[in-house]
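Look for chain A in each of the two complexes below; its partner is chain B in the first and chain C in the second.
Coming up: the complex of A and B.
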C-alpha cells in the first residue's frame, strides 16, 4: 500500500466503524463539556421545588430531577467539564513523567534505569485508590490535585511501555547509523526513537483515560469529591442516596460513565488495529475468497489438461500451480502455472531471486502457505493423490510422506522443550511408535546426521546448540518418519560456509541412501552445482528454464540464467595454486 | 611509507562483566588501513569481524589496545570528538531494511548527516548523492519501503558518502541481496572508490565477494587474525590451514569444478564437526 502513513491513520480510523463511532461519541462529550455553560438548560446548582425527585421525561427535565430539585441533565452536562478536566490532568502528568523517564531509561540505561525501574515497581505495587483517600486527608476535596496524583500513579505504565520499546529500538541499525553520522543524542531520541513509541503511547492513553474516568467517578462517589461542584461521580452518589424516591435517576450517570469508558476502551482497540496493522495483505473474507477461487476454477477448465508424460519413478508432480495474494483490493498472482516433477532419489533445485515465487511453490507443496494466500489452480500429486484438492490428504501426507527442512533452524525449534522431546513429539504424531521405540530410532538417526553424542544432545535445549547442529536436528526430524520427498527451503543460507558444506554433504548422502526425492529451494548457484541433479530456474512466478545440472551450467539457454550465472561467477574464487 | 589512515593495535574487546565471566570477542588484533585502500576482514559467525568494525565506529567498547586515525587515538574518546569523526568515518550496514528509518523519506535520511555536521545547501547535495549511487532524483521524496533491497542499500551508501569520508566500514553490505543485485552493488562500491579515493574496511563472511573487491585480506578466526596479506595471495595461495578450509568450503557455480573441490575438501583433515 502506498498510503501516506501520517495522514493515513485518521482516515483509516474513521473507516473502521467501531473507531468512528467511539471517536464521534468522545468528541461529543468534549463538545458538551466546552459548551455546557450555554447549552445546559439550567445552571449546575439551580434548584426547583417542582423538580424534586421528578421522574424522567417530565416537562423541562428530560432526565428528571434529583433529591434537591436540580435538573439531572444539566448537572451531567456541567459534570462533563470536570471529567474532561480530570482526564487532561491525568494524561498530561502521566504521559510527561512516564514517557520522559522511559525514554531516558531505555536509551541511556545504567544507573538511571535501575533507579527509575525501582521507583516504578514501588508505585505500581501501591493501591491507587487507598493512596488517593489518604491524600484527601491532606488536601481536602481537591479533584485537580487528586487527579495529578493519580497521573503519577499511572506514570509507571507508560514508563514500562516506553522503556521496553526504546530498548528494542536502540539496537536498530538506523539508530547506530544516526550515531555514526554524528547526530547528538537529543536529535536521535527526538527523530528516531520518539517515532517508534508514538503508536503504543497513543493506544495506552485511551486505556489510561478510561481508568481515569472510573477513578474520578469512584472517588467522587465515595464522597471525596468537591460536593459544591457537579461531576458524574457526584451526580451518581446523590442519585444513589435518593434511590428509594427516584430509582431511575441512578441510571443516567451510570450510563454516561459506562458508555464513556466503553468508548475509550473500544477506541483503544480500534487504534491498535489501525496503528499496528502491518502493510501486508490481509486475508479475504470467506465469501470473497470463495468467489475468487470459483472464478479462477472456471477459467482453468480450458487450459488444464496438459498432462506431462510422467514415468513411474516420479514421486511428486506439481501441475499448473497458480498462487495469488489479495493486495489492496485486487488479486495479484505471484505463481503463474508452474509444472515440476521430482523422481526418486533426485535432488531438484528450484533457483531464483527474492520475489521469484520459489518459496511459494515450496510452501504450496507442503500446504503451509500463509492464511491470506489463494491457490487459484493446479495440483500437487503425490502417489496419485491431489494434495491441494483434499486438506485431509495433505495433513496425512505432511510429516509422513513429505517433509520439510526450513531456512532458519533456530526459529524452527521450540525454545522451551528439549531437542529429544520435540523430535519424539513430532515422530510419535505421525507413527505408532512407543516412546521407547521413538527414542531408539531418534538416537540412531541423530548419529546418522552426524551428532556425536545423541543421548546428551537430546537432553539439551535449542539455545544450547549451534546453528549447524540445529539444522542437523531438523534434518533428523524430517527424515525420521521415512518420507518420500523432502522440501528444503534455503536449508544452508543461515549457516557458515564450512557448516554449509557439511550439511550439503549430509543431504546428498541421505538422498542416496534412502532414495529420497528432494526439492531444494535456493538462491545460491554454488549450492545448486554442489547438490542438484536437475535445476528449474524461476523468474517472476514462472519457470523460465529447466535442465539437468551439467547442461544448465555449461550451456544456459535463457538470458536470465546467463545473467544469474555471470553475477554468481563474478564473485567466485580463483583456484588455489598447489 | 606514509602514515596509515587507520591504525589498529592489539585490539581486545570483551563483553559481559569482568574477570572470568567476560567473553573475549576480539583477542589482540592489529592491522593498518592505508588511504584509498580496501582491506577485507573475512570470517565466519562469531569470528569477531563485525565487532572490529563497531569498535572503530565507537559502537562497541574497546577493552584494551588502541585505534588510531591519522595518528590520533580515537578509541575511548568523548561523544563530542566522536561526532567530529563522523566526517571521516562512515558505515554501510548489512541489513538495508533496518538501517533506514521507515518513517523518514530518503531525502530526510540523506540530509540528516549534512545537518548534523552543519553543512549548508543540503538539498543540492542530496541530488548529487542520489546521482552518485544511481538512484533517480525523485527518490528523495519517497519512503524506504518503496524500494527494493538493492536500492535501499544504495540509499545507505549515499548516506555514508554524504560527508565525503576518508573511511567507510562496510559490514556485510551485500549479503542480504540477490546475486545479480550483489554484483551491481559491488561494482558501485568500486566505482565510488575510483571517483572519491575513499578507503573501505570491508567485512564479509564470503571469501568470494571479498576476493573481488579487496586489495588486502585479513582472515579472522575466534577473534584473532590468522592470516593477512595481499588479496591475490590469500585467495590463491592461502598459507593458513583455516583459510584453506574456508576457501574449499565455498561452493562454486560449476558442477564439475565443484565436484573436484568437494573431493579435495573431504581429503583435508577435519577440524571436528560443528
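Coming up: the complex of A and C.
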C-alpha cells in the first residue's frame, strides 16, 4: 500500500465500515458521558410519582421509569459517566502495570522475568470476579478501587503481549545497533520497543475496555456497586429486581451494555485489520475467488514458449501456469505463465532467487498450494491427464505418481507420530499393502536411503532423529509408492554441508535406479552443477532461460543468468576465505 | 516427566498459599466493624470488644492466617461469624451446585466448540465467516446479560422452564434438569463462542504447518489428514483452551447464580463478602483456587502425555 502508514491509520479505520460505525458509537457514548449534566432530562436520582414503573415512550420518559419513579434514560446517561470513568481507571492501571512490567521483563530477563511471569500466570488462571468479591469485604462498595484492582487483574494480558514483542525486538539488529552507539537502556526502550508494541497494545486495549464494561456492569449487578451512583450495572440490577412489574425496563441497560461491549470488540477487530495489515495474504471469499478466476480465464496469455529438446519421453509437462495471491485487496500474480517439461530419468533444475516463484511452481504440480493461492490458468499434464483441471485426478496422482521432498526436514514430519507410523500411513494411503507388508517395504526402503537400523528408527519420534536422517526418511516417504516424478523443493538447504553431499548423491542414485524424473527447486547453483541435466532459470515469476547444464554454465545467454552465476561464485569465494 | 509433574505440584502449593494469604490480608483489619455487624448496630462498645476477642479478630495477621491454615489442613475451615454454620457444611451443599453447572457447560462447550472450530477452519468460505461473526457476538455479550434475556423470555413471555430457583436432584431429577438448563445455556453461549474461535485458530495454525503439506503430498486423504494428524496436533492447544474456559466459567457462574437465584458457591461468596463473613469468603476462595489448580494440574498432565517430546524426555 502506498499510503503513509502513520497518518493512514485513522483514515483507514474510518474507511473500514465496521471500524467507523464502532468508533462513532463509542465517541457518542463518551460525549453523552461528558454532557449528561446538561443534556439529561433529569438528575440521576430525581423521583416522580407518575414515572414509577412507567412503560417506555410515555410523555417525558422516553425509556420509561424504574420502580422508584426515576427516569431510566436520564439514569443511563448519568450512568455512562460511571462507565467511562471505570474504563479509564481499568485502562490506566492495566496498561501502565502490564506494559512497564512487560518491558522490564523482556528487556532485563533473569529473575524479574521469572517472578513476573509466575505472578501473571497465577492471576490469569484465577477467576477475577472471586477476588473482586473478596476485595469487597475490605473496601465496601467502592467502584474506583474495584476497577483499579480489576486493572491489575487484566495487566497480565499486556504483560505477556509486550514481553513477547520485546523478546522479538530485543534481538533484532536495530536495538543492537542502538546499543553499540551507546544509548542508555531507557532510550532504547522508549524509542524502539514502544514503537514496536504500540499496535498490539492499542488493539488489546479495545478488548480490555470491553471486558472492563462487562465487569463493571457485572459487579454492580451483583450488588457490590455503589447504589448511590447510577451506573449501567446498577440500573440493570434495579430493573432486573423489578422485572415482574416493568419487564421492558431491563431491556435498555442490557442493550446499552451489550452494544458498547460489541462495539469495542468489533473496533478491536477492525483495528487489528488496519494496524496489522501485514503482507500475509488472506483467502478471498468464494465469490471474489470465482470472479478473479473467471476474469483470468478471459485474458489472453501470450507466452513465448522456450522449451528445449525433443518432446518424446516427457513424463510431466507444465503449460502456461499462472499463480496469484490476494494481497491487501489486490491480486498479485507471482507466476506468469511457466512452461516446463521433465523427461524420464531427467533431473530438471529450477533455479532463481527467493521470491522468484519457483516453489510456487513446485507446489502447483502437486496441488499443495496454500488455500489462499489462486491458479489463474495453465495445466499440469501427467500421462495425458490435466491435474489442475480435475481435483480427483490430482489426488489420485499425488503420492502415487508424483511425490514431494520438502525443504526443511524437521518441520515436515508430524511431531506426534513415530517415523514408522507416519510413513506407513502414507504408504498404505496409496497402495493396498497390509500393515505388515508396508512395514517390510519401509524397512527395505529405509535401508536403501542409508538408515542402518530401520527397525529402531521407525519407533522413534521426529524430535529424536537428526536433520539428515529426517531428510532420508522424507525421501523414503517420497519414493515408497514408486512414483514417476519427484518434486524436490530445496532438499538440501537446511542440512549440514557434509550431509548435503550425501543426500544429493542419494537423489542422483534413486533417479538413475528407478528412472525417476525430478524437478529440483534450488537457489544453489553448486547443487545444480552437481546434479541436474537441464536447468530453467526463473526470475519474477517467469522462466528467462533454459538450457542443459553444461551450456548454461559455459555460455549463459541472459544477463540475469550471468549475474546469478557470478554472484554465486563470489559467495563461494567468501566461504573459502573466512 | 515425573519431575515436571512434581515441579507443577510444588508450584500449585505455592500459588495456594500466596492467594489464600493475599485474600486473608484483604479481609484483615476490620475486627470491630465485623463484630458490630454481627451483634447489631445497637451493641455496646464493651460487647463489641468481647466479640472481637471471641472471633479471634484481635490477633495479628500472621497468627490469624496461621490458625486458619492449621484448621484448613485438618479439614476445619471455621464457622460463619453470623449463623455459626460451619464453612465445610455450607460448602458441601453449595459446591455441587456450582460444579454441576460448570462441568455440564464445560462438556457441552468442549464437544460443540471443537465441532464448530474445526468446521470453520477446515471449510473456510462462508461457513467460516458466519461462525466467526456469531462467535464475536457470543463473546461480546456477557453471560449475565444472556441470562437476563433468558429470564426475560422464560419468566415473562414463555413459561416452559423455571426462570429462577433450584431443585436438588435428590428431590426431583427432572426438576433439577429443568432448573439448571437455563443457567447452562447462559454460560454456554459465551464460552462456546470464545472456545470455538480459539479452536479455529489452533486448527488453522496446525493446517499451516509444513508437515500437513507433506502429508497431503504423500497422497493421504484429506479426511485422514484432518482427523488423524491435524486434530491430534491441535489437541494440546485445545486442552489449554478448555482449562482457560473452566476458569472463566467459574467466574461466570458467580453472575449466573445471582440471576437465576441458584444456591451455589458464587452466591455464597457474594452474600458473605457483603456482610464481611470472613470464614465463608475464605472457604469459597479456597475451593475456587483448589479447583483451578486441579484443572491446571490435569491439563499439564494431559499435555505431557500428548506431547511425545515431553513424554520421552
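We take it that the second predicted complex is superposed on the first by the 484 of 578 C-alpha atoms of A that agree within 3 Å, B and C clash if a C-alpha of one lies under 4 Å from a C-alpha of the other, contacts with A are read in each partner's own complex, and residues count from 1 in each chain.
Heads up, the rule we're going with is that contacts are C-beta pairs under 8 Å (C-beta built on N, C-alpha and C of every residue); 3 or more make two chains touch, one makes a residue touch a chain.
None of these values were measured; they are calculated from a predicted model.
In the superposition on chain A, A:130 makes contact with chain C only, not with chain B. By the touch criterion defined above, A:466 reaches chain B but does not reach chain C.
Once the two complexes are overlaid on the shared chain, A:353 sits against chain B while remaining clear of chain C. Legend: residue contacts after superposition of the two complexes on their common chain; A:474 is shown touching chain C, with no touch to chain B. Within the superposed three-chain model, A:195 lies in touch with chain B and out of touch with chain C [touch as defined at top]. Within the complex formed with chain B, the residues of chain A that make contact are 2, 5, 172-174, 176-185, 187, 191-192, 195, 279, 353-354, 450, 452, 466-469, 496-502, 504-505, 523-530, 549-550, 553, 563-577. Chain A contributes residues 118, 122, 125-131, 133-138, 210, 214, 217-218, 221-224, 236, 240, 243-244, 247, 250-251, 254, 257-258, 261-262, 264-266, 269, 283, 285-286, 363, 366-368, 370-371, 395, 398-400, 403-404, 406, 408, 411-417, 422, 425-426, 429-430, 461, 463-464, 474, 477-478, 481 to its touches with chain C in the complex.
Looking at the complex, you find that chain B touches chain A at residues 44-45, 57-59, 79, 82-87, 89-91, 93-95, 98-101, 103-104, 112-113, 116-117, 143, 145-146, 149, 156, 159, 162-163, 178-183, 186, 205-209, 211-212, 232, 235-238, 244-258, 262, 265-266, 273-274. The residues of chain C lying in touch with chain A in their complex are 11, 15, 18-19, 23, 26-27, 29-30, 124-126, 129, 136-137, 139-142, 144-145, 148-149, 151-152, 155-156, 208-211, 213-221, 224, 228-229, 232-233, 243-244, 247-248, 250-251, 254-255, 258-259, 266, 269-270, 273-274, 276, 278, 281, 284-285, 288-289, 292, 296, 306-309, 312.
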